[in-house]
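These are the structures, in structure tokens.
Two complexes come next, and they have one chain in common, chain A, joined by chain B in the first and chain C in the second.
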Partner chain A sequence: MAKRLPRWCCCLLFALLPCTGVADLLVVVSAEAELTRIQRQELKDLYLESRTLRQGRTVVTPIDQSERSRERGEFYRRYIGKTPAQLRAHWARLIFTGRGQPPQTFADSQAVVERLVRDPNALGYIDARFLDERLKVVTVE
Partner chain B sequence: MRRQFVWSCAISLAVYSGATMADTSLPSVTLNGFGTLGVVHSDVTNADFVADPLASSGAGYSGEWSAEVDSRLGLQTTLAATSSLSATVQVVSEKRFDGSFSPDIEWAYLQYDATPTLSLRAGRMVQGSFMNSEYRKVSFATPWVRPPAEIYRLVPVANFDGVDLRYRYYLGESINDLRLSYGGGSLEYETGDIESSNSWGVSQHTRWGDTTLFVSYGEVNVRAQELTQFFDVYRLFGPPGEALADRYEVDGKPVRILSVGVNYDPGSWFVEGEWARLSSSTLLGTIESAHMTAGYRIGQWTPYAGVGRARVLSNRFEPGLPSALYPPPLSDAAVLLNGTLNGLLSSSLSQDSSTLGLRWDFRPGMALTVQYDHIDFRSGSPGGLINQQPSFQPGGDMNLFSLALDFVF
Partner chain C sequence: MNNIRGPVLRLDAQHAARSWRHRLAEPLTLFGAAGVLIVLVILSSTHYLVSREQAAIKRQIELSIGDMADTYEARVLRSLREIDATLKLVDFVASQQRSDILATLAERNLLPPEVIFSVSIVDGQGRVKERTGAWEPATQRDSVPALPEAPGLLVEAFSSAGRQQLLFARMLSHGRDAPEWVTLTVGADYFVSGYNENALGEQGLLALVDASNVTRIGRSGTRLYSSIAMALPTYDEIMSSDDTPFITRWQDVERLTLVRPLFHFPLSIVVGISVEEQLARAYPMERRYWLRALFVSLAALMILGLLARLSHQLHRERQRVTDERLRHAHYIEHLAFHDTLTQLPNRAYLSYLVDHAIGRYRGTEGGFALLFLDLDRFKSVNDTLGHEAGDKLLKLVAKRLLSSVREHDVVARLGGDEFVILLRHITQREPVTRVTEQLVAAIQEPFSLQGQTCLISVSIGVALFPDDGADEQTLMKRADSAMYRAKQAGKNTAFHEEPSR
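Here is the complex of A and B:
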């Protein structure tokens, strides 16, 4: 694990990088997966629409983190453009009309890593500190 | 008895799902719920404002404030037997025509996913007549305390028992959902019931970036026991009576509903508009409605404002039977019938409304909304108010103040 920085140092970093809540957020898949890049709109569709089939390619299963994780807030803010409240309303519309359930949720980045390495069709996002050789970073275009 | 059965099913599935929720293997059971605790105040004290036109009482005459207009609880459970076969039941408890809150089945269907983009369902479902129809009772999922009456009150029977087909397709960067449905349904109220049969609908939902487009067309054949009896009496008055019954009879004639909606939501703000037209060569006539709502999101707060309008395009007055042509007891009856017919014709939705609201998403899955509505009833329309007292004059205006706590889980 990374060594803890003094609190003032964190404050300074936070002030210098106002756009990042989580220092490095990565979209990742298993090292065995074929996927190497994904368009921002495709990523949005994957996380906002259940049962999304990527045209002409394999079906990708999105993996989410719990509402308590910092990575989740950052991911939806940066890539999907939705606040937690908007997401809840979005899923309420789909759930209560039988159009699907939200992606499967795991507690934190570590749990997402364990899930991804078991399934080459799954895609998730993690804090960069949890990246290891069993995973591959997906470029978001 | 049936309702007790519904609840015990829901509860036993809920208990069962508690044990299996963490497991992702099939078969799996998921439980979700939604609800609203709401109070509404109406300043019209000689009639009741209701959200559901078939409820037995509301706000205004029965009480200055009512907690029964918007409050409800819904529970939904889905059993996924295999990756392509599932069953879903949703029960909703809300104020009903008999004054009780006994739960009713909103959705109950079997779903088969033939391919990842094509699914077939059979059972009880909700017509997708308008943009927010299918989740109109999930107040948390919409910006308002209740969906705009001008549009969402047009169709009395929203549920149907039948089949539907949904097909998802991709065109360029857009995601499209096409839905075809067919079936019939029935609805009980205090003094009779309404049946719909051979109803079909087609709707197209397109999402392209931040824009959503919705188009829907459907036909419903409505039969209301009371109206059929009413026109049977008209038919006793010879050819003039028969002509009037043929002209206004609802039974056996299609009611057509066309709707177009747009939503644009780039994140920090949103705007949604919808236009609908109900047309029929019956007593229900032809009505055109539209509404538009815009909102701005500031952190947990969403202030919003909207306007709505409904207009009756068909005739709202009918001279009726020439009562002078009939001998005394019959002429009185003719006057009475004509009065009732004109009362029904003028009760069609014709109003302008403006809405101001503020929603506070104070914690995940919970929101508190305050809303103010000003409604102008046009040309003698009673605006769907019920329990009208002798002092009530149609065609006035009404102010509503609502407070609602919405939740989903």
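Here is the complex of A and C:
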């Protein structure tokens, strides 16, 4: 029994692991959008503006959050794999050379939700608490 | 005198002159010179190629630095105009409404990306009324420069958290009681983020300098420089330089540099390329050139060496054949002028020697004697003991005759048992008589042939030049007849030609 207890503890810890950090981060689109799943690489390309993502005949517009939001740090760490300094260097080069503009930013998840609802072509990330019936979760593969 | 080959063939005078020219054509000289020449040609052409390559690289640098300056100038100008446009836009909105100016603009996506740029509105006390972006001016209050109350675009530099920041500001023109400014702050490295290592290398330089040539920001490779003075030509010098790059030395690197003051902004751009670094890129190629040259030289030398060896062998072979022929010719010549049995001069050679002697003594006090010798009873020896014994006897006689005369006298055999002796430097008969007595005595000595003792004798006829005749034929005839008389007088004696005849 003394030996089984730590293993049981481990199981519990592993189960709770995804709950650490931001409660839960979701990549979402408007409920009217056709998009249901997205490749991790496509998401990366979309947010770093190395390549546009087409969905049918329209172009998907990425929506970002302000640098002050907690979701932003989590999103870039989890899906894009870049530190804020790397991101700044990336965008500095692209903006300075005139090759790209970063996604439009909104103050928090609530503002992103408002924006997504208005535009079925937009894609954003929010805290799970802000999910409602007007939005659809996109599976990141 | 009896040993010589025959009449001496004189060498012509041209022969010596020709020989040194022949020496030039000798394999070692010829191929050595050709090898040196080929190696020189290869090395000098390689040197020419390498120097042309370097010149091409330098020309390329001068061309590309102009292109890069064009691009950099355009990008900096565009960025500055966008920044200025933002400031003017904020100014315009501020003249329309009192608060939420930035929020209004952000909502319409009219502000520059806040990842890089932060915009704020500050009052005269440095208090921030509104702001966007991550930069927190409140915490850096003391490092933000105080803004002057002046119209137009203001550019200031300050350091925040170890990073050089550039601050652009405009005084708001709403005309309210307290002055306010709209500021846009951007990390200075933004202006050198277009640094392309492929084009500029690790030692290149991109920089923004202010009117007093202090770097607002500079970048070389991955290193950033700020607020360091650069030794650049003055504004007037730059404007009159017709956009020609010049050499500068900054932070221990020599660069080809181009400076362009920006239109309407109090800044200049600086683009520099390290010539040494660019030339270093060509070093592997240059080394390849030299290695190839070395390889080709070695190959050429090896081929030449092989050819030289073959040529030398051919030369030696030809030399051997020539030597062989010469030896053969000498042998033939010897045969033609000597008697094969006794190796004494034969009739032809004797006639040449007599002619020669006549030519030499004619008209002088001197003279010579011609002795005609015929062995007595030689025929009976030949008949009784055989031809081989006869031949052996002749050889022995020849030897005795030779040892009885002086070194420079000639003993010749005419054939059969007839010999002729030419005594030089003889003017009187007396010394001749001494010689003939010696000869007679020498032949009288018994010969030992095939275990038997053989006794023979000799009859000698003597003729003197010039007393007894002035030409060879007469002399020979006189000597011959004198010999006959000696034979008739009982052999084994010598008779002189009678001068009375």
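By definition in this document, the second predicted complex is superposed on the first by the 115 of 141 C-alpha atoms of A that agree within 3 Å, B and C clash if a C-alpha of one lies under 4 Å from a C-alpha of the other, contacts with A are read in each partner's own complex, and residues count from 1 in each chain.
In this section, a residue touches a chain if its C-beta (ideal position, glycine included) is under 8 Å from a C-beta of that chain, and two chains touch if they have at least 3 such contacts.
What you are looking at is a predicted structure, and each value in this text was computed from that prediction instead of being measured.
A.B. asks: Just checking: does A:F96 make contact with chain B only, chain C only, both, or neither of them? Give me first, second, both or neither.
C.D. replies: Touch partners of A:F96: chain B and chain C.
A.B. asks: Could you look at A:V138 and tell me whether it touches chain B, chain C, both or neither (first, second, both, neither)?
C.D. replies: neither
A.B. asks: For A:V29, using the defined touch cut-off, is the partner it touches chain B, chain C, both, or neither? Pick first, second, both or neither.
C.D. replies: Neither partner.
A.B. asks: By the touch definition at the top of the document, which applies to A:Q104: first (chain B), second (chain C), both, or neither?
C.D. replies: both
A.B. asks: Looking only at contacts as defined up top, I'd like to know whether chain B or chain C touches more of chain A.
C.D. replies: The partner making contact with more of chain A's residues is B.
A.B. asks: Looking at the overlay, does A:V112 come into contact with chain B only (first), chain C only (second), both, or neither?
C.D. replies: Touch status of A:V112: no partner.
A.B. asks: According to the stated criteria, A:L46 is in contact with first (chain B), second (chain C), both, or neither; which is it?
C.D. replies: A:L46 contacts neither chain B nor chain C.
A.B. asks: Quick check for you: in the superposed arrangement, does A:S66 touch first (chain B), second (chain C), both or neither?
C.D. replies: Second partner only.
A.B. asks: On chain A, which stretch or stretches are contacted by chain B in one complex as well as by chain C in the other?
C.D. replies: Touching chain B and chain C on chain A: residues 67, 88-89, 92-93, 95-98, 101, 104.
A.B. asks: Across the complex, what residues on chain B touch chain A?
C.D. replies: Residues of chain B touching chain A: 24, 30, 32, 34, 74, 76, 78, 88, 90, 107, 109, 111, 113, 116-117, 121, 126, 134-135, 138, 140-142, 168, 170, 173, 175, 207, 209, 266-267, 297, 300, 361, 364-365, 367, 408.
A.B. asks: For a test of understanding, state which residues of chain C touch chain A in their complex under the given definition.
C.D. replies: Interface residues on the chain C side: 75, 78-79, 109, 112-116, 133-134, 187, 189-191, 193-194.
A.B. asks: Can you list the residues on chain A that touch chain B in the complex?
C.D. replies: Listed in rising order, the residues of chain A that touch chain B are 41, 45, 49, 51-53, 55, 59, 67, 81-86, 88-89, 92-93, 95-98, 101, 104.
A.B. asks: Could you please specify the touching residues of chain A with respect to chain C in the complex?
C.D. replies: 66-68, 87-89, 91-93, 95-98, 101-102, 104-105
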